[in-house]
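One structure follows; several queries about it will come next.
The chains carry the letters A, B, C, D and E, assigned in the order they are written, with residues numbered from 1 in each.
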Amino acid sequence: MNVQDRRRLLGPANARPIAFSAEKPVVEEPEKDQDKQESISLRKGLIENSNGSSLIEVSSKDRQFSLMASVYGPRALRGSFTSMASISIQLQNGSQEKYGPTQLREVATFLTSVFNAVVNRSRYPKSGIDIFVYLTYDRDLSQSSSSNISALIPHCITGITLALADAGIEILDLASGGYHNGNVFSFIKNGDEITGFWKDEGVSNDISDSLEICRQSYIRYKSLMVSTLMQK
Amino acid sequence: MAKDIEISTSEAQFILEALKQNGRLDGRSFDQFRDVEISFGREYGDVTVKMGNTKVQCRISCQIAQPYEDRPFEGLFLISTESSPMAGPQFENGNNTGEDEVLCARIIEKAVRRSGALDVEGLCIVAGSKCWAVRADVHFLDCDGGFIDASCVAVMTALLHFKKPDISVLGDRVTVHPVDEREPVSLGILHIPICVTFSFFNPQDTEENIKGDSNSEIAIIDATLKEELLRDGTLTVTLNKNREVVQVSKAGGLPMDALSLMENCHKAYTITERLTEQILDVIKKDDAERNKYATLLSSENARET
Amino acid sequence: MSEVITVSTRRGGFQQFDSIADEFEEDEDVDMSDVDEGESGGEKSGLQIVTPGELVSEDPAWMRGHGTYFLDNMTYSSVAGTVSKVNRLLSVLPLKGRYSPETGDHIVGRIAEVGNKRWRVDIGGKQHAVLMLGSVNLPGGILRRKSESDELQMRSFLKEGDLLNAEVQSLFQDGSASLHTRSLKYGKLRDGVFCQVPSSLIVRSKNHTHNLPGNVTVVLGVNGYIWLRKTSKMDSARDAPSGASMGSTGGPTGAKSLKADSVSITRLEEESSWQIYVDENDPTITNSVRQTIARYANVIKALAYCEIGITQERIVSAYEASMSYSNSGSLIEKEAMESLGDDVLNAEKMRGSPL
Amino acid sequence: MSRLEIYSPEGLRLDGRRWNELRRFECSINTHSHAADGSSYLEQGNNKVITLVKGPQEPSSRSQVDTAKALLRISVNITKFSKTERSKTSHKNERRVLEMQTALVRTFNKNVMLNVYPRTLINIEVHVLQQDGGIMGSLINGITLALIDAGIAMYDYISGVSVGLYDTTPLLDTNSLEENAMSTVTLGVVGKTEKLSLLLVEDKIPLDRLENVLAIGIAGTHRIRDLMDKELRKRAEKRVANALSR
Amino acid sequence: MGLSVTEKLYLYDSLTSNPVVRPDGRKPHQFRPIEVFTDFLPSANGSSRIIASDGSECIVSIKAKVIDHTVEDELIHVEIDIAGQRDDSPQVETMTSLLNNVLEPRGGIDVSKLRLTKRYSFKIFIDVLLLSSASHPVSLISMAIHSALNSTCLPKLVSSFDDLEVEELPTFHDYDLVRLELSAPVVFVAAIVGDSILMDAAAAESEVSNNGLIITWSNGKAISPIRTVALNDSDVKGFDPKILQKAITMVEEYAPDVLRALNNA
């Protein structure tokens, strides 16, 4: 039953050290309206080893952060037959241990359900797609706002979508989202469909106000993604 | 387990049939314990025990540590049992959660540590802040059955043999004197537990075992590896020569009549007596051997007797 | 009672020890001498109840069946249950246990695994049953030989999760079943819902597919798996006046039967095509049929809750009794299920047909 | 707690029992009919134990298939809140719990007729909601009841109990206060025989007193077997009566 | 569970038809009956066991400990144990994180009731044992916690409230207990199937749901955490933004009935 020899610690046969590709063009938002609360820049294809990857850097008045997403797969899954690809998402703290493991796990579960609705999974039977998100940098500039993980979720979604597209994995639409007032929405199809909603603070009556604002963010991020993907 | 040892059907049948006819493969009688060979390494507390082809080494070491908060007057004592594929292919490196390994470790733990064989209060240096931490590392070198029994002898002999460096305490200052400076001191041993393992075989059907009153189950002492692989149940009795039961473990297996289990305990006692004597004897001999020039090297003036 | 949720509570206890709180009046100290209690109680019902390890018979003449073991002349029970003596066979029937397949059982199963030339089917037993590729009707003719291309596209016939009804063809040495679906009444199940009851509540009988009032058909698998569906054309054909579908006895309906035969022959080919494995439901299932099916499902669950054996007659009788609840959703309450069970039994007593 | 009170000169124990009295013993079967094939809930003194038996069923992986017999697996979940003082760490994967599981599997391996169920898996889950001494015996009793409820063939009951030795008096069915104050012996006995499937002594006991302790322990397990048997028969009669009336 | 394609199609069509036909005939807002048992663990300060009609079962123990709240500020600690799962499995960790959010003081729970003196407080340990569950268990768990906290009694304080000056540990009455009136939020799971919204979805209904919504209800209003949750592995889809508000309205309408039933029964 134990055919594998586990007595030696060997990596996978085709393991390669991580390599970063040459500088990729950055898509930054045109700085036309200075009153915008945040500036964002996107890059794709940074990690050569992965099938697709992306980097997002955001800075606003009160928060600066960046995250990296990498996609491995689709790869063959051993074991019993599955008619659809199974997606696994892992979230990792960067150098700062900012968020607890259970909290990261819950967000990862949430993101998985979002992308289960976004990726065309039936296209990849008996396969697995592994997605890793590293919250590389996260700094609060203002003391006032409590730094919560909710505000990062839309960027995680954007980052993963970009990395999936970079990996050439079929998705139904470019997914992204927005954060406002403790409410997070994830959209596809021009904002006509919600693929995820997340709320960690406040009461229910503020949701409808946030919807439109988040949709605006979604459309903004989406157009940025499109221009990033159009880059050669 | 890394690899299961397989025993061929014909060999298994042969061994079982022999047992039914009162015979064992190595010619021993059912109640015969293998001869125990105890040898010492160069240092104190380094003991190797051989029983037939089974070989176990135990080494004692100590260092100064902080006692547990809830037990400030006691020193620390830890027994670690390590099995590796060296002893046999059934063991796996770094994985000691196999059923047998866990049981073996737990029994030695109960027999030696929980029973208070080592005087842990004597390990206290400064109450609440400093104490000796004694560590017994048991290594299984070669496996031909009877690990528990051999390990227990090894640990107890090693504890008796070991000497820790002498110390002197001055207020909160503790000085450890190197061995070549001051004669090291022995550990306080309160009693010597000896484990004897019985293996049970059922020569008849399960129905007879459960419903019959023949009590024809076979019990043999100190099984070899092959016998261990074929047995239906096992019992480890730990006793000391004060006629105290230190530990009994019959963790399931073939149901056995209470009276015959009692009989086994009594049989184990005679073995306990013999082994205790043997251990004390080899310790004495080794001590004499190590100190045979002691009188010559003594700086004391000889006295007339 | 709230329309939204019913909550029943009890303080200070882990569960309702139902009406068994009458004991422990006796002393629980133990004497060195064993007080042997009379173990032969429980024969009020005429059925002998035994528990594991109990001596069932000292007579060596019995053949020992399931639920027993023996030593010399003595036969002991190995389960808790009732003693059954059939001819010379002595066995103990456990009060509970998983379904044990028998040859000829009509069962409902779910595909658990697609393997090499076979499907493994969950039938609620101790082991999965096996359905060989050679034991199913293949598209394109009932008597066609299976080919290599069939082996490669097994998942397009039946895949994991698919439900089917089948017959137990034979049993293997270890007690697991081999199934077949080589009849048009067996095969993939469509147009309805699945529900499950303990297999002990289903009585083995000649027919396990019944057309119920309200255009609903039920397949009562012997294994306790039940399929409720909209009555199909084939279902109604089966229930058509005797002779019509069989086409055997001529009689006054001779002409008609000829016609029925010709229909069934053409359909036979049609059904043997890919159609029999298609994953589509009848597009004409109306909302009211769906509601009727939901009501039947609740009625069956109520019978199971009351531990009443499930038969066509009882389902119909319970269904009629359930009409006093206009909303079939209220049948999920314990009180409703109990009263439904009582209604069914009372109706049977009135009719004087104890089954 | 002073040592003197453990067993008073009048022959009474801390909880008012005499030396040969069992604790309150209540059990019921078929408590979790949806979640398992067999189930039991047992209260032995303040021990509260839920047992679920799932199977015999198709093994989930190939490595669990034995072509000759069923594979028996037992997992013991001692909840963090089971003692008066809540434990901070999880008891899963503790060596003591692994040892218990192994002992239980080996006990029931010899008593369940596994050869009747080849190629299957019998999975037993035990949840200890509250413990107050003698837990091993309660685990054995709970598993026996749940196995019988599942209709799984076994040769006989196995019942378990712990006996302590106070000076020269054996005390039957010890609770945790008694267990902490003296040496105890745990037995698992087959049916009404004097055959021991399990015997665990964890502290020092004079060799010449052991026989005495075993004798009262065996008598105690026989009593427990009868109490379990009574409950099972009551259930069985109810079911049979139910089936006949319908 | 794994339903067949035709089963899923039939269920989906039934659940999205007008009027909605649920497989057990329930109305979209109707819950299945539950049974609640409390106060069965004498060694705990509060306990509850809750059983749903599909056999899903959850046991909760509440234990309290006196702590110095000037040193330690976490007053409610939740831990989840799911039978058959490792403590670090994704399901356990996700559920722990979610429930920690539900019982977060800034939400519905009034932690000031745990305050004993100016210096000391009770810290409440909530241990959840999920024995079995057929569909998303968070609702059942939250109801069990709610009932357990409802049944919790704590020792009565007899020493003075102001102990900042005097260095003394709080002392308690020998046997008098005070009922802890801490109302824990209850979590609802709404299944979204097409344009239909269903409360308390059964296993088969969850299997065909396009999405799910977790909505927390406390003190008469829907509060955070609110979030979408996948109720199955295969059929997750996006949904119309209007559904979100509709689901919350539905909870607002029926949650009071559920709480009344839970508290009165």
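Keep in mind that, in the parts below, a residue touches a chain if its C-beta (ideal position, glycine included) is under 8 Å from a C-beta of that chain, and two chains touch if they have at least 3 such contacts.
Computed from a predicted structure; not experimentally measured.
**Q** If you walk from chain to touching chain, how few steps can bring you from subunit A to subunit D?
**A** So the least number of steps between the two chains is 2.
**Q** Fewest touch steps from subunit B to subunit E?
**A** Each step joins two touching chains, and the minimum needed here is 2.
**Q** Which chain pair is joined by more contacting C-beta pairs, B-C or D-E?
**A** Higher contact count goes to D-E.
**Q** In whole angstrom, what separates the CA-based centres of subunit A and subunit C?
**A** Measuring from centre to centre gives 49 Å for this pair.
**Q** Rounded to the nearest whole Å, what is the centre-to-centre distance of subunit C and subunit E, using the mean of the C-alpha atoms as each centre?
**A** 36
**Q** For subunit A versus subunit B, what separation do you get between their C-alpha means, in angstrom?
**A** 57
**Q** Averaged over CA atoms, how far is the centre of subunit A from the centre of subunit E? Could you give it in whole Å?
**A** 29
**Q** Of all the residues in subunit E, which ones touch at least 2 other chains?
**A** Residues 40 of subunit E each touch two or more of the other chains.
**Q** Can you list every residue of subunit D that touches 2 or more other chains, as numbers and ranges?
**A** If we look for residues of subunit D contacting two or more partner chains, we find 48, 155-156, 190-191, 215.
**Q** Going by the touch rule set out above, which residues of subunit C reach two or more other chains?
**A** If we look for residues of subunit C contacting two or more partner chains, we find 14-15, 53, 69, 76, 160.
**Q** If we count contacts the way the header does, which residues on subunit E are in touch with subunit A in the complex?
**A** So the residues of subunit E touching subunit A come out as 90, 93-94, 96-98, 100-101, 106, 211, 213, 215, 221-230, 233-234, 236-241, 243-245, 248, 252.
**Q** Under the definition above, what is the set of subunit C residues touching subunit A in their complex?
**A** It comes out as residues 113-114, 155, 159-160.
**Q** Which subunit B residues qualify as touching subunit C in the complex?
**A** Subunit B reaches subunit C through residues 205, 207-208, 210-212.
**Q** For subunit A, which residues are in contact with subunit E within the complex?
**A** For subunit A paired with subunit E, touching residues are 83-84, 86, 100-103, 105-106, 108-110, 112-114, 116-117, 182, 185, 187-189, 191-204, 207-208, 211.
**Q** Hey, which residues of subunit A end up touching subunit C in the complex?
**A** Checking each residue of subunit A against subunit C gives 80-81, 83.
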